[in-house]
Amino acid sequence: MTNIHPVAPELQVSQWLNTLRSITLADLRGRVVVLHAFQMLCPGCVSHGLPQAAAIHETFPAADVAVIGIHSVFEHHSAMTPVALEAFLYEYHIRFPVAVDRPSTTGNIPHTMEAFNMRGTPTLILLDRQGRIRLNHFGRMDDLRVGATIGQLVSEAAIDPNSNQYQEQPAAGRVGCDNEECAISDNMGQASA
Amino acid sequence: MTNIHPVAPELQVSQWLNTLRSITLADLRGRVVVLHAFQMLCPGCVSHGLPQAAAIHETFPAADVAVIGIHSVFEHHSAMTPVALEAFLYEYHIRFPVAVDRPSTTGNIPHTMEAFNMRGTPTLILLDRQGRIRLNHFGRMDDLRVGATIGQLVSEAAIDPNSNQYQEQPAAGRVGCDNEECAISDNMGQASA
Amino acid sequence: MTNIHPVAPELQVSQWLNTLRSITLADLRGRVVVLHAFQMLCPGCVSHGLPQAAAIHETFPAADVAVIGIHSVFEHHSAMTPVALEAFLYEYHIRFPVAVDRPSTTGNIPHTMEAFNMRGTPTLILLDRQGRIRLNHFGRMDDLRVGATIGQLVSEAAIDPNSNQYQEQPAAGRVGCDNEECAISDNMGQASA
Amino acid sequence: MTNIHPVAPELQVSQWLNTLRSITLADLRGRVVVLHAFQMLCPGCVSHGLPQAAAIHETFPAADVAVIGIHSVFEHHSAMTPVALEAFLYEYHIRFPVAVDRPSTTGNIPHTMEAFNMRGTPTLILLDRQGRIRLNHFGRMDDLRVGATIGQLVSEAAIDPNSNQYQEQPAAGRVGCDNEECAISDNMGQASA
């Protein structure tokens, strides 16, 4: 039964911003981890996902909850460069550490995005104190529900991760960006697949 | 140590709406209880508090979380009558049970409001599965924080209530209504005091 | 051609609030007049219509634009009494004059509401400087469009009212209240009809 | 008296997007012109200015009102390139023509921005049917007021531009970006000055 909540794979990062040193998920064992995967030109990330991640970062004590942004670019690669991301983070006052997801050499989907089976941006991933994936949500999720899940994970004594979660309903099979999210298209050159 | 989180006093109710039978807090032992005290002419209750209570009611399974509205009128008594409340609940599509807080015969503050030491409306009170008061918040509280507290209470095995809560900061000493809340004035005829 | 924009009928008022003396539309000739018909328990009026009317009142010079609220109760008469309205206006900080639409003795629809052929609340009516009806809109209307129409009426030299208006699309035939508006039902006892 | 409202200088454009051919202000004589100057990484432009410009574009008939975006980059030049802008416009569904403000060879402020004496982004500029500048506003401006000014300009018979405008209050002397706007700093290398 230990496989019900798999341990998250490590982040694959080509560059870190907003932090002086690299961060690994292994370093964060013992804390709840909030991973927010975004693209700087994804409207739903800018209007909803990143403000929510920032609010989580402000609301919960750092000793309990770590917030990490992951810039997982799967489209418009020439527009969303690290230098553009740096300006974006500065102008939007994003304070928490942000990892640039390592680009694939053979396709559009960067490595961390693929390793976590993300379907697009924004994606919210929650890890428990033992590093197990307890939520992997594509698209908008309201604060009440996000808060409830984090509150539950925070209160766990880092022992039993097999408690019940709020069920994820699969999102509609959209492709491209709308106001809420940017979905990976089916034929977007996951050349390795 | 058992007094750290006192057991909530019973509701004092002159009339119930949105339910066929009376409800006591004792009936709800084993579930987390959300009490939302409001006035139908309190702007902050209408714009924020009641929609939040309704969202809690929709988000959490009824087996885990019970939501109860309390109409605690401490001003404009001739305007906020039960018949007016009934029309209000109908037009605003409030579905959860609502108690009319029993009016005082000697002052403006109704009995449940006084028993819980509420400072005005909206007030959000959270009880754990054992009926102990774990949060008593006057004014606006954001969804992320409310969700986190409920999520924590839901995950408790109905055993140990003495865990840490997010700290309440005392609100400013306003009197009367602004967009966010209606505060009881100091000289508002709590004749029994 | 003078009938293209009919002159508005006079208001029929049983009581005025927020003003020391009665107001007639005839008194307001030479100014653009904004009539906002609402019910205090109409959710769309509270969340959108009244804040918009208040913003108009603050934005435009009183010498150019007069804003008048009309409390046109066609349902829940026992809840939306003048005493309740007075408390409501106080708590919601409504500053502009409000007329209580004169109740019908034979049906549910008050007299001004019927004289203007209103279909429910909120209704926004704009009169030009000559007292002619230039807009009669049931339901929500965005600020950009409302501003444009008022701006045009303000700039008219009180001479030629026959200029083009933005077209009104008929709203859907709903009955009862939703978040946006409260519609008069077809059989709501317009006994005089 | 003809100098009260000066005729706008021509746009200085290095590249057009969302249009097959170049546009000049001279081409637009006879129509009201809305110029919205923005930067793609200016938070206030993304959250407020561009949605407002898009709403103007949708609300008013093209025969009366032309909407033009101007990408006036005065900071983070390496991040806000034309290729990045193109991706941005695509993802945010901006449909109206957008000009890339011609960069200065000697400083940070592009030529159109300097010619119009803009103080930062977003800036909203309104021209009357004769091409005269009737509003030049830095920062947020609410829809009611913008609508009123456009409505007035639309109703003018393209004859007398010297009517009264709503007064502009000078904005606070901020430098850099906040949620609302990005202000040009005083020492930002206007080398030509």
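Residue numbering begins at 1 within each chain, and the chains themselves are lettered A, B, C and D in the order written.
Going forward, contacts are C-beta pairs under 8 Å (C-beta built on N, C-alpha and C of every residue); 3 or more make two chains touch, one makes a residue touch a chain.
As the structure is a computational prediction, the values presented were derived from the model and not from experiment.
Chemist: Taking each chain's centre as the mean of its C-alpha atoms, which one ends up farthest from the centre of chain D?
Modeler: B
Chemist: Can you compute the centre-to-centre distance for chain A and chain D, using the mean CA position of each chain? Integer Å is fine.
Modeler: About 36 Å, centre to centre.
Chemist: Distance between chain A and chain C based on Cα centroids, please, to the nearest Å.
Modeler: Each chain reduced to its C-alpha mean, chain A and chain C end up 49 Å apart.
Chemist: Return the residues of chain B touching two or more other chains; collapse runs of consecutive numbers into ranges.
Modeler: none
Chemist: So what shape is it, when you link every pair of chains that touch: line, ring, star, complete or other?
Modeler: ring
Chemist: For chain B, which residues count as touching chain C in their complex?
Modeler: Where chain B meets chain C, its residues are 41-43, 46-47, 75-76, 78-81, 83-84, 86-88, 90-92, 177, 182.
Chemist: So in the complex, the part of chain A that touches chain B is made up of which residues?
Modeler: On the chain A side, the touching residues are 52, 55-56, 59-60, 142-152, 154-156, 163.
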